[in-house]
Amino acid sequence: MIVKFKESTEKKDIELLRKHLIDLGFAIHESVGQTYTIFGIVGDTTKFDMNSLYAFPSVDTVLRVQEPFKKVNRKFKLTDTIVDIGGVPIGGKNIVMIAGPCAVESREQVDLTTGLIQAAGAKILRAGAYKPRTSPYSFQGLGPEGLGILKDARAKYGIPVVSELMSIEDLPLFLDAVDMIQVGARNMQNFSLLKELGKIDKPILLKRGLANTIEEWLMSAEYILAGGNERVILCERGIRTFETATRNTLDISAVPVLKKLTHLPVIIDPSHASGRWEYIESLSKAAIAAGADGLIVEVHPEPEFALSDGQQSLKPERFADLVVKCRRIAEAIDRTLD
Amino acid sequence: MIVKFKESTEKKDIELLRKHLIDLGFAIHESVGQTYTIFGIVGDTTKFDMNSLYAFPSVDTVLRVQEPFKKVNRKFKLTDTIVDIGGVPIGGKNIVMIAGPCAVESREQVDLTTGLIQAAGAKILRAGAYKPRTSPYSFQGLGPEGLGILKDARAKYGIPVVSELMSIEDLPLFLDAVDMIQVGARNMQNFSLLKELGKIDKPILLKRGLANTIEEWLMSAEYILAGGNERVILCERGIRTFETATRNTLDISAVPVLKKLTHLPVIIDPSHASGRWEYIESLSKAAIAAGADGLIVEVHPEPEFALSDGQQSLKPERFADLVVKCRRIAEAIDRTLD
Amino acid sequence: MIVKFKESTEKKDIELLRKHLIDLGFAIHESVGQTYTIFGIVGDTTKFDMNSLYAFPSVDTVLRVQEPFKKVNRKFKLTDTIVDIGGVPIGGKNIVMIAGPCAVESREQVDLTTGLIQAAGAKILRAGAYKPRTSPYSFQGLGPEGLGILKDARAKYGIPVVSELMSIEDLPLFLDAVDMIQVGARNMQNFSLLKELGKIDKPILLKRGLANTIEEWLMSAEYILAGGNERVILCERGIRTFETATRNTLDISAVPVLKKLTHLPVIIDPSHASGRWEYIESLSKAAIAAGADGLIVEVHPEPEFALSDGQQSLKPERFADLVVKCRRIAEAIDRTLD
Amino acid sequence: MIVKFKESTEKKDIELLRKHLIDLGFAIHESVGQTYTIFGIVGDTTKFDMNSLYAFPSVDTVLRVQEPFKKVNRKFKLTDTIVDIGGVPIGGKNIVMIAGPCAVESREQVDLTTGLIQAAGAKILRAGAYKPRTSPYSFQGLGPEGLGILKDARAKYGIPVVSELMSIEDLPLFLDAVDMIQVGARNMQNFSLLKELGKIDKPILLKRGLANTIEEWLMSAEYILAGGNERVILCERGIRTFETATRNTLDISAVPVLKKLTHLPVIIDPSHASGRWEYIESLSKAAIAAGADGLIVEVHPEPEFALSDGQQSLKPERFADLVVKCRRIAEAIDRTLD
């Protein structure tokens, strides 16, 4: 960390900050220039909030030179992390397709969809039993009944399941019914939730918040790893920008940036990113070409009558076609999609 | 709600959607033009997700003509709502100053600060016992001990208290210790939390999410009112944009927009909006001139040594000066700041 | 276009707007509901600024149902436009690589780079003689001398050239020296410039503005086509968002959105989008997989000593490797990259 | 400027960068830590593009410690600049109201409006003869005829005039007809135009670009001052964000930030910021309370029939009321609005 003092700062103010930093356990490497003084601060600054130094009126600029995350940092673990989801590894050479309806609507709907997506090549089933909805008047999910339906589908088809947890009090039900717990975009900085998920032994699918930077996202993953749970998968699902032609703006650059910064697997959700089924094929192929380790795609047998997100759900036959096309991209970058 | 079909849509596809909408209980007012057909959809569309209609391939555009919120809507309650916080009304002619440290750090710190801000003109004490921090390694708040300190300050100084709740399991402690419960920006769409807060009898300070539209914000308030708790105050605290000169970008326009759309009180947090103490005076005066019903300002006796947000905390003497200046603005718009 | 009146609007106010619209040549299809009235406005609304109707106090909402662009609209020209750049077609089955240094720095630099990128598979040379720089103190380009160097490289290598025009007074020089004129992001809404480019007989590479919507971008293209020049290629180069890990955020979704809305070719600039050479390979492969018709990539023989944008320039050998990898992606989607 | 090398960078790579920087005329202050090396770079880095150092693979982070602007920098000129516009000073204790229609539509319209806004308290007339319009089919302004009308209004009412220049070839007409030349948001980084405006002897009203940072805005002002024209006024007019309730988002914080960074006057355009006449009063009062030196407000005698921007234009009587209210705010901060 580097601190630049304002020009013509008095010596006593420089000493005040020096004492503060030394009290906090840091060493200081001082550079005195013609017009201003610079402190190079040595020590583990990961746990220090650098912005707090702006409270000193003598401080002009504070600059960080180390990433604030540790356990998720590629620098401290060079090899890719592979997370096993009920027997399906994510993060290795093989690209994994996760698919299913936005919401669990009925036993028949889940049963029908699971059979079709599995036949098409999906390896994990996704479906929401608890739905975060902007409006209190919208369908809020079937809750425990929905989890029961998912558990039965898992048993019948032998397919692992991922579903979104919205409240920590529902955790016991999830531990029983699903193979991976999804933290939704709106809860990416629900730190109370993250702390609890750090204590359990179950993979976590951590979606990026609508307007969170990649660094903040990694810090949220750090919450989970710091708690002891190292099985985290990151999911980019579009960020909020000024553009309205798509529901969100898929930040495809997040793939190579994350691959540089962290060892955790990265998947893409083209359904929420685009908000329209007709753009999903293009974005899915781009995601794989960019280096993503998997996709999570909304599929519904009758999108027109879906209780949520029908406009961004693929019909099963389109999904089957998508898998074939994505496999060709995977092979073109020397990966597989089995 | 209005649906425009694609050009040259076949009659059977129009009838398919007509049947779907009638099944949902809506009436349809059809307009057949030369090149396309339009449905005007009549009925209570508040509870209907209009985007779902894009799942019909024949649909070109869906347009909403009614706001999706009801209980918070100014159209259904013309008079301003005034919320009483432990004897202090917010939302009327008088502008209210809320002040205090970012975090409860110690009994002495809270005691000292409370006396000073009350003497300067603050009517409500703010301080966090639970702190949402980007890093798991940062100070996370004193928790229950912090709430106890706040409760004692309330008793000693006879000042109402507002503090942030991060997890529903802590609610009983908050019901006992504080007069208003704050929902932080990161939890604005924590719908599980909002639902619980709709069931209680305690005012809620609902901060705007970093990247949430005003409409989404009002929908989150609607969650609380729909649950039965009508005592909600909205707090604009800056949104996330491309500009980095300030921590966030204060959306001052939110004040007149909210005053038009809703009857709920609106306050401004200039501390989080700017992220720097030196900009707080300018933004505070602007907020009052724009029509805000109050301010929530971070004040710390020694910002340099604050455990969080020192860079955006005012010293008590600066806060006292701020109150005097804000009072002059209040009087220039025929309001008071007592 | 649809106008919804405020509830309880008086008849005289409805008639005032009716007269205004009829005077403007529109026909009106009126729907009178229980609580409000709606006008469906029939006629060519492309040339009408719908926001102007908000000046009528009786108007609650104005909704557009037609795109505001015509000549660039896919609805009016179903087949893909193919633009010929000095013998190189862009917009067909074959994907085209455009490459070269950010700026013309010297005759030797251009000569060396052109030979290398051509050998690697690039079909068009890019290089700036006039450079838009944020700082007046940065290198501003060689100007006319730079154009002369490009003209000579074109003659020697038989490779078409694209370069950025910043001021209409330089147009004669560009007509002589280059095969395609680039309009930079900062000039996307320089309407005086666009009008002049509509009058000439030379392909235009229209980059998207930093914060312009896809619709605004198409309207800028419409300026050029409306003037008579139909040879426009659109170039997505990243938009400005809150994320700072990359220089800009590549809006990969723009590819399928544009392919739906317009018949014009679409290319991607991964160099400006990412701002770092190490992310270019990932984004390039994604761009092709998403359906882009070409790439424009910055290549410099010695990036460390480039006068501009060295941090986002590939070395020639990396570019050669990139072409091979991109060709594999092209083949996986049944296109070519020759 | 500070450069941090990657961990375990080899000595030869450090020496390579050292030589490069010394060749450029800089001195280097080196700090060797346990895990990495830091260069403090001494010299005038204003003219150096720090991002170019990322082209060196050994470089991890480059940090700037000096502002990149000089002539506009408050550090080099402590006193506020006051710009005289045809006898009206902007930037001193008195707050100045600029008003008028979006576009010159006719001699009668300008004549009528000028009389009314002057009587209400406006000191400068604004009106566009050349209009930047998103659509090529919208009204583009009266051009030279419009400037002639403005010149006549100036002569008749003795009021200075400001109007927007879109193309450098129109400059002679502007030098004759107006007292201040406006550079619109879309041309804020039209560097060719800025360079020409640096050579003339006429005040410039430089509007902020839709998505430009405050630093980029100051760099554009620097272009003009570096050319020799020191009479620049900055105008904040709203930035582009995700929020759609207003046309743009007024960045009110820009006022105190600019007052800290630069000595140039700052005014606010509440009309373009909000896009709706009903929000103008609230934003105008906020702007003055925040410390702006003036306002530029759209006023039209019949907004319903305006050829552009009617929805954000005040009627003359509302403008007169606005002036009275703004004067009260001015007095509450010990300024005047005469």
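In order of appearance the chains are A, B, C and D, and numbering begins at 1 in each one.
Everything below uses one rule, namely that contacts are C-beta pairs under 8 Å (C-beta built on N, C-alpha and C of every residue); 3 or more make two chains touch, one makes a residue touch a chain.
Small disclaimer: the values here were computed from a predicted structure and weren't measured.
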* Structure fact -> subunit C and subunit D share contacts with A, B
* Structure fact -> subunit A to subunit C, mean C-alpha position gap in Å, rounds to 31
* Between subunit B and subunit A, distance of the C-alpha-averaged centres to the nearest whole Å -> 26
* Mind checking the centre-to-centre distance between subunit A and subunit D? Centres are C-alpha means, answer in whole Å. => 39
* Structure fact -> Listed in rising order, subunit C residues that touch 2 or more other chains are 211, 240-242, 244
* Touch graph across the chains, line, ring, star, complete or other? -> complete
* What residues of subunit C sit close enough to touch subunit B in their complex? -> 2, 4, 7, 29, 31, 33-34, 36, 38, 40, 42, 60-61, 63, 65, 75, 211, 240-242, 244
* Structure fact -> Listed in rising order, the residues of subunit C that touch subunit D in the complex are 16, 20, 46-47, 49, 51-56, 68, 132-138, 140, 166-169, 186-187, 189-195, 209-212, 216, 219, 222-223, 226-227, 240, 275-277, 303-306, 308-311, 313
* Asked: Which of the residues in subunit C come into contact with subunit A in the complex?
  -> 211, 213-215, 239, 241-246, 249-257, 259-260, 273-274, 278-279, 281-283, 285-291, 325, 328-329, 331-333
